[in-house]
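Input: one structure, supplied below.
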Amino acid sequence: MRLPYVTDLKDVDVMVVGAPFDTGATFRVGARFGPSAVREASALLRPYNPAQEIAIFERLSVVDGGDIVVAPGFIEDSYARIEAHLRPILEAGVIPLVIGGDHSVVLAELRAAAAKHGPVGLVQFDSHSDCWDQYFGHRYTHGTPIRRAAEEGLLDTKRSIQVGLRGGLYAPGDYALSTELGLDIVTTMEMRERGLPAVAAQIRERLGTGPCFVSFDVDFLDPAYAPGTGTPEVGGFTTYEALYLLRALKGVEIVAADIVEVLPAYDHGEITALAGATVGYELLSLMAQAQ
Amino acid sequence: MRLPYVTDLKDVDVMVVGAPFDTGATFRVGARFGPSAVREASALLRPYNPAQEIAIFERLSVVDGGDIVVAPGFIEDSYARIEAHLRPILEAGVIPLVIGGDHSVVLAELRAAAAKHGPVGLVQFDSHSDCWDQYFGHRYTHGTPIRRAAEEGLLDTKRSIQVGLRGGLYAPGDYALSTELGLDIVTTMEMRERGLPAVAAQIRERLGTGPCFVSFDVDFLDPAYAPGTGTPEVGGFTTYEALYLLRALKGVEIVAADIVEVLPAYDHGEITALAGATVGYELLSLMAQAQ
Amino acid sequence: MRLPYVTDLKDVDVMVVGAPFDTGATFRVGARFGPSAVREASALLRPYNPAQEIAIFERLSVVDGGDIVVAPGFIEDSYARIEAHLRPILEAGVIPLVIGGDHSVVLAELRAAAAKHGPVGLVQFDSHSDCWDQYFGHRYTHGTPIRRAAEEGLLDTKRSIQVGLRGGLYAPGDYALSTELGLDIVTTMEMRERGLPAVAAQIRERLGTGPCFVSFDVDFLDPAYAPGTGTPEVGGFTTYEALYLLRALKGVEIVAADIVEVLPAYDHGEITALAGATVGYELLSLMAQAQ
Amino acid sequence: MRLPYVTDLKDVDVMVVGAPFDTGATFRVGARFGPSAVREASALLRPYNPAQEIAIFERLSVVDGGDIVVAPGFIEDSYARIEAHLRPILEAGVIPLVIGGDHSVVLAELRAAAAKHGPVGLVQFDSHSDCWDQYFGHRYTHGTPIRRAAEEGLLDTKRSIQVGLRGGLYAPGDYALSTELGLDIVTTMEMRERGLPAVAAQIRERLGTGPCFVSFDVDFLDPAYAPGTGTPEVGGFTTYEALYLLRALKGVEIVAADIVEVLPAYDHGEITALAGATVGYELLSLMAQAQ
Amino acid sequence: MRLPYVTDLKDVDVMVVGAPFDTGATFRVGARFGPSAVREASALLRPYNPAQEIAIFERLSVVDGGDIVVAPGFIEDSYARIEAHLRPILEAGVIPLVIGGDHSVVLAELRAAAAKHGPVGLVQFDSHSDCWDQYFGHRYTHGTPIRRAAEEGLLDTKRSIQVGLRGGLYAPGDYALSTELGLDIVTTMEMRERGLPAVAAQIRERLGTGPCFVSFDVDFLDPAYAPGTGTPEVGGFTTYEALYLLRALKGVEIVAADIVEVLPAYDHGEITALAGATVGYELLSLMAQAQ
Amino acid sequence: MRLPYVTDLKDVDVMVVGAPFDTGATFRVGARFGPSAVREASALLRPYNPAQEIAIFERLSVVDGGDIVVAPGFIEDSYARIEAHLRPILEAGVIPLVIGGDHSVVLAELRAAAAKHGPVGLVQFDSHSDCWDQYFGHRYTHGTPIRRAAEEGLLDTKRSIQVGLRGGLYAPGDYALSTELGLDIVTTMEMRERGLPAVAAQIRERLGTGPCFVSFDVDFLDPAYAPGTGTPEVGGFTTYEALYLLRALKGVEIVAADIVEVLPAYDHGEITALAGATVGYELLSLMAQAQ
């Protein structure tokens, strides 16, 4: 959106920050180029959002804070760098909107958010729960960050919900990994059966009042709408449906958010990048509403 | 569709004409190769349309009139060339089906159509209203042709409607630009809320009786269905929905039509070109119905 | 799915077999690389299918039998090779799950299936009926196998149904080609009007009891979901809808199945290959249910 | 080159003809779209060739005769159609410049050429000799046409030469297949050692006087220059080198020529199509020189 | 190269400036995204150039001045904007390194350069002379800027040379268009015959002493090395050869330079963008040498 | 090459092994799919290599040992797994031909090779020396393995040489990092000046007698020939030149080899994969010569 590049936090409401990290990925890699692609695609967006009836930049001071310097190949080091980068932003009362990167970055973001706000509510749009305990015997990967976050007390699990889960599992109990941690879940199949309005209401109710984190993994979308992602799952959602659910978050207190798993090397016609950018646009509109 | 290449207008009902012009585009360019791509994709189409129950070529004499020689880089000169090319076709009672090119070409087409038929009704399938007054201080671009057409008296605005508007705007009043000109509009969000049958009925009623122009911008479709276009907007329509709305135009007096903004360099698997070609196929079927 | 490569049929329930043949195709070619692409994409799948509540490999012994050696360029010779390859598999009581190749291979598969089971019921998910009599004056192409199969008595036509037909035809009577052979058909337009649950019930009822063949042509899907195919038709189905219909086949006695017309050279982001692999996954889940 | 589409042979010197056939291919397929791609790319060419110092169309009447109707999937039938299509062209004293299609079409072309001119000299730019006896037990494929042509007496083998052979062979004696038929061969390795001027002289001398056929398989070029082809071989030639060798054919009596194995689905940026079109441009320049 | 974004000209030696304009293009369009692609690819470059034995940033202060705001669709307006943007840069003694955009932008650049330095010497690496008088009856396009520049007295033609001309022409006299203006030319064919060292010496001598402009059109490179360009010509140069010739410019007084015709939509694997970025890297190294 | 999948080492001479690891990469990632792509492309190869005059499989028993199970995201863990996998192969007297993966894997390979053979000679075809000490403060990445190998005493540095170095450096002393370790280096520029025959002789002499490791990074090739790689450098080598240098290794005692940095997501037309496969083909031919 041709945002000014600014690193000074004064008079800033929201800072867009890139987290070009993808070492957590276990299948396709390359989400490190996600921030660049989403920024590029955001040039197509325009300042007034008629769906939310809001002129974003009249209400909100938004700046582009550039990319976090991560250490490709080194997850825990990169976590530390991401957390260290985000903490002063959050301390200054600025909302970070992080563009990933693979989904593993969410753990570092939640650490930073909880340091400022305490345990946060979470709505996670995703086809995967990312609640496994280990991958290849390792505890920090893009399949495990939500479990780690819950274990570390970063989440107010009673105000947390995972939306859009689908695709094959490793074992029958995989969905229980989420619910045992205290999170609510809604599968894609359930969403199709109950309809989106009912699910939107459930999400809104679950998040309640208090600080919330919105995490949007583009594999929530169907591969037809978001081919450029690391672990695509067919049978997913349209962009219209995603925007519908996001708009229903009106009134939620968003203290931080991310858009992850945009992987340009598998994209075409930049449609995944544009989808990611438009998700960011709706998130900014929500934040503007809340000012 | 392997149509014969014919420039003689005798005994012809419809002439397909390419308008390989894209200088009006302000973001992605390359729609000048749209005519070539749509023709190529049309090889997949077959003569009997079961959805409209019509054997197109038994009722309609359709020929391919080749491409208009435009002046790349020069909008007003190209407008003059396009209008001059289309006038004798319309004078001969032949319906031109123009394959664009960017949407700016519609102004030249409307000039030619109005010269023969007087002000025409318009149904415009598009995610953008193209009713801005200026772009970069210039009055003739792909964002302004409908305003120019209304100002020049080429439209019977009471019988004109824009369908599928969505995406961000420059300002809250942007949609009013259309309604102030007298056009009716239906946004994508409104279409989702009211359902397609209601919208189809509204379009049909609006067009009423009298000569009409059908303008189909492929960005009406979602980027998943039409990635190869100049200004994609996520949250759009499926090809099935587009065909449904087109088929509902039965009985409308179509005197000219176009399919614009197919941009092959951003297409893949030729799906945008095929979508454009199939839109043309439904338009030809409608024209055949009317014979 | 990283299946073991096994050619011994002992203790095997299902054998995945590639049929890299595409000489039957009359438009785009290249489906010979379909088996390779589908196998590659299947690496993303996981063993427990929550939609069908089944741990596939706990119930089913599935192996990868490699590719059939076909004779590119020679249809009848290749038919003989495919049939000869599949017969011992079927004789051993093993279910072949064939990955095509173009749709012409289904005739050879049906010959092998009928040799073991007698005439079989057929459910064919496809945008084309493949019931033409001849193409270019030749009787064996990808547009004719179902007619040949009916003529050869390989189908229990009373228990056979074609689902998803759409797109232009050569002549008004083209759909009657199927019904005159005794097959039931449901067009895409009819499916949209009646809704998928009603169609799912109709399919299930039609197949009844007795051995059935499931043939899934990926052009049943919309090109947005399956761009990599030989004769795409816009206005088609989402992958979610395809999976919904497949899951409704619960209780059908599947003795053989195929997934055809995956054409990698026109695919992007491997989404067509992944769609094909996921269809295979649902078919394996159905087979596991039946054990 | 925006040639006129003409089927009348009067006052014509050269007719460009498409042979959209690829059933002979044993690996990648899709060369059936070669004629369309080469024509499209030829729009970039201009009428005066400074390298040969010739204004092509001042000396030569060139028309586009459209595509031959072949029978995809049926080699011998298609051979008969191609030969039948080309014979009247040759009879009328017109030079056919055929755009393939896979290399198997050369047999049909040579049959037509020999019917008019008797056995012809051949220069074949190719990384493969296409002199195998059988492929998969079949005698007519894209690996065998030159052998068949020699056996049928269509070649004046003493005036025939294959240039650019490289890549792995099935057996040590594979190159001898060519020389035993009486053809001369020059491998890529030999060309690099001796240098192109020496090889150009050898070709010119070999062709001598009398009617000649020039067959250019784009896999003569390195895959970096021609990725869109059926059986690429690394370690090949640049386009500059190919043009250099073609220009050295000055004075040869070319009675027919082809450019084969352009396979658009594997091309990118249309560079293979442009290479093919430019080869055609140099051939037309040679023909113009000879007028 | 992750240059700082700076618009203040103090203590700056070189300013990289994007000119995202492509309305001058007559065939493929899309070079407006060239600046973005070249910047992205430049992330691969490193500060010490061993070929020129120079640590660029120890000798040279280089900043990124962002993109010039042009008016897509309007050539003369855009020329005025580009010239107005570059004049203060040149006035401040800063060397602009412009990333195009199509080649038409060079006229505006030369106007700005000549305003400061008087008529400049020019070395133009290009397969086209861009010296036509008109295109489609218009005087300002990407085929005419050098003629306009000469006519306007912006060039010291005695110190100007065009290198790498090749491909078909409209007429035999097309090359004379350059020489009649007083420019020297070297065709690709001549370069191959004489060898690059001789040509490098000729260029160096021609440029002599005094202010020079270096214009690098990426279609100087062969399409295998630079597929992403507007009017590719086969038979061109490798990147090694281009770098060799650039390095031979040691000692030339470069007052401005550009890299034009990078067209990302036709690129793949970003190789054209990387070629463009590396040309910029060598130019910066030359400028660093001269400090 | 359709090799049998075998894990038993008896009577085996060479085992092809995939190392699908790319966590060491610092720029583009995705080489984990390199083994799959190279295997797929190898289907084009044929058993007799006329350039080396050897029927590979008559002299050599070659099997495909499948892929090593690595831990994506964890370098040191993966090193341990790779070394553990290769040690028994080497112990059995079998030559491993490893398909990477990024270049970081070479350290694990060298550990395994040295465990069997002691310090080995090394010829590394590469545009980068991979001798940096650290990247982002970490010691194990794809930029450091050769330094680590030298430090660990795995190399007989007097018999080691790096060939093809080019592109920008971080500092003037970067090349000295190699020579200070005792390795010989030849830059691309030096190779162009001295000619390939001289360099081939230098390599052969350097390797001398005794066990050697051949490491081929596809970025040795120019991006026109190998676009699908992680850190492309323009100005590189053709595939012909690479094959020429490899063939000159005749008589070298190769005890292990690898082909790394094939990155399919940035490839097109599979030309990088085919280049990688052909390099493997020449290496197998060399090994067959040595039997």
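We just call them A, B, C, D, E and F in the order they show up, numbering each chain from 1.
Please note the rule applied: contacts are C-beta pairs under 8 Å (C-beta built on N, C-alpha and C of every residue); 3 or more make two chains touch, one makes a residue touch a chain.
Predicted, not measured: the structure shown is a model, and the values here were computed from it.
The interface with the greater number of C-beta contacts, when E-F is set against C-F, is E-F.
Taking each chain's centre as the average of its CA atoms, chain C and chain D sit 39 Å apart. The distance from the centre of chain A to the centre of chain B, with each centre set as the mean of the Cα atoms, comes to 38 Å. If you average the Cα atoms of chain C and of chain E, the two centres end up 55 Å apart. Taken residue by residue, chain B touches two or more other chains at 222, 224, 266, 268, whereas all remaining positions touch fewer.
If the chains shown are joined wherever they touch, the resulting network has some other arrangement, not a path, ring, star or complete graph. Contacting chain pairs in the structure are A-B, A-C, A-E, A-F, B-C, B-D, B-E, C-D, C-F, D-E, D-F, E-F.
Residues 43-51, 53, 55, 222, 224-225, 238-240, 243, 268-271, 274-275, 278, 281 of chain E are the ones touching chain F in the complex.
Across the interface of their complex, chain C is touched by residues 27, 166-172, 174-175, 187-189, 192, 222-224, 227-228, 231-232, 234-236, 266-268 of chain A. By the touch criterion stated above, chain D contacts chain B in their complex at residues 5, 36, 40.
Residues of chain A touching chain F in their complex: 22-26, 28-30, 32-33, 71-75, 77, 136-138, 140-141, 265-266.
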